[in-house]
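By written order: A, B and C. Residues from 1 in each chain.
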């Protein structure tokens, strides 16, 4: 159903604190909270006794006490005190503990076999935590299959219509795209050489003159898309392979499946310009949130239409090549081994 | 599931304009809009590309552009421009186009095989468009099987109880009814000779004295009921076969299935008296709307009760003969050929 | 699915009056009303004609007339007048009549084969109707399996956590319990000899000094729990077998299944002290209602968690022995004979 043995974003670092928070990931109800040492605990959100959500429980130090009969569970998911405190605790009284890691501003959980968890496999969202970059963003729940969001982000022609009131520009459609895939990676590249920079990028670059512009969509298994965007003065000689001469951003999109038809959408932008301008950061986050709400409206309508037209199938055009290849990776990663 | 190869009312003529309107008919999501020449287009409400409802799209002349990636669809359902405008359009990129006709104040769509559509098969709602008659009415969505509404209308004994606060009259129950069926037609006739006209009809007739009164319910396949009502002075010699001597109305009821348990109910009355009295028309429409809301309440409760009593079956009394025969026609028309 | 051939509480005596009331019991929609002689009628809540709920009908003396076509049904469920009054009524035109009895302040209906109904099998809620006792309580619908409520009541250790803001007391956990079962009866006994009476009971007893205290939970098939609570001065020599020397209450809990995941919860307390203090009765009812709302919150969360964790099972600890045995009785009574 979903790619297994994978790291998924469970939340923003700032969402998860000492108080328990419930979030369902790949169909599995999970409770998340921080210990005193700031590390995050992720447990199946059901008391092993009578299944009351542990997220309703009471924190006691780094443990959590079920609010029904008081079973006390530690951060590894094992009961450490029975409802009758004098009774011996058996180690079979436990709830599933998920491997967790915090990296690049996100808390990640490993869905699959815990013994296979390896922090080295966490998607490399380096611009989100690099000291020379600034990163911020938000969260939306979306009532659609996470793959529809990936389709959306792997093809930016939709901007012209979905975002016609905000960032849509007809001229983007005229630039050709190339799609490249390799193993679990899929990259859709749109390189726009020697053009006039649009207002946003001219402001970022702080100078006039022709630029090379790029939009490079990276699908990152299992369920993220990172879009490398920016411009550089033509004179700087930027190339598809190396283009760090101008101003640059990474649009970050992590789509964590909640169920087959609902998705946790974590979005933001990392940038390497005006990194200390907190006002810009806040304004841009608000604007980006408004743009993504336009996607949410379309994606939820698409999901409803898929449900009400069971005899119809999605059709793929050339613009969908990136999304199609990402879906092939997802299908391969979702297959039982 | 529903009678196929049939014309169904898709909407009032005044409901459908140049802006796209979504309506699901017999389980098929459809988008309706008018072209510049005022003819109506009916297409499956799903872009052939990624299934976003076309009803969310942007009209461009007589075409509609999908609001997701900009595929441009014409009134026959064929794509005429790809998201990347330079790409060639293949004729397989199309959405289903439904035969449409506008007649008797309604827009009709043909559900079934398009090549079998024949405007001559549109139910003959002649009083709705006859120059000597006046017609107006309204629309209600009802959360029930369309056949429950047909049952309701083919037996007017319910008026006594459902409409006891409005038009119900106990004496109607005393007049005998006869049921006649022939092919796809079913007629339930109640002839009340030589009675005092009730207030409504006395006002319509504008004179005192004994009248012959009639209520003749015509089931019209696949899903309409037309009720011929009126009075004539006894001296005029009206008969069941010929009764146009007095004042007469046709209660129009078109029940278009939306799903197995929801129905689009189009209702109104055509009349041949006071045809230019627009105040009467408006007042009567309001009153009729209030009466039909009483039916809606009962029909939705009946549907819920059917769902919550799966072991129970509807029972038929003599008063249900008309509805039973109409259901037999519906069943025959719904059978695969 | 539910124990059959059993009496279930259908409502408080004060809930059911001459006007029809709808209530679904063990999945069967039922209409309840009183006749002039005050006896209660319980019929399947569907007109045998077209299934409109009879609870929407119009009372005529002790009969009920369907509000759709006017079929008149008597208190035994048989039609006594057809929509066309001159038509003969056939005895096959009837709706199921349920055996009903009123006892101990509740109206009971027999779910199962009517000929097996025997008022002697009605659970003996004697304190609810004994002249030396006072009884009052309330009603809550709960969105959970009725067995979860029984589990809850057969183990009072949950009070410490669920009711920590109201009646929870950590010291109750320290008293040992014993569980005894015999046929369809299950009893969980907590006997607390020679302790200080808590404030509630000291007020009830109206004297200082050490007491023996008890909480004895009786599961009463098919779906009730009665909890015998109270204290007696140590000097009175109360025993588990005989403890009517002090002040005593019976917490009454009747959990009537509505569906597999919803329950009608009738609750109250009968007491043998201050029986004429109506102010006490009203205040205690309000407080008890607030405490039980804390259970409702937990029980509904537990039900949702069971649904969203289909791979997990409830686990039984020693404290659950009473509930487990009650479930065994329920399973036995639910088996087809």
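A few points about this structure:
One rule holds in what follows: contacts are C-beta pairs under 8 Å (C-beta built on N, C-alpha and C of every residue); 3 or more make two chains touch, one makes a residue touch a chain.
Just so it is clear, the structure is predicted and the values come from calculations on it, not from any experiment.
For the touching copies chain A and chain C, the fraction of interface residue numbers used by both falls below half; the interface is of the different-residue type. Note on chain B versus chain C: their Cα superposition corresponds to a rotation of 120 degrees, in steps of 5.
Averaging Cα coordinates per chain places chain A and chain C 49 Å apart.
In chain B, no residue touches at least two other chains. Chain B makes touch with chain C in their complex at residues 151, 155, 157-158, 160-162, 173, 298, 301-302, 304-306, 308-309, 312, 314-315, 317-320.
By the touch criterion stated above, chain B contacts chain A in their complex at residues 24, 29, 44-46, 48-53, 56, 58, 65-70, 82-85, 87, 93.
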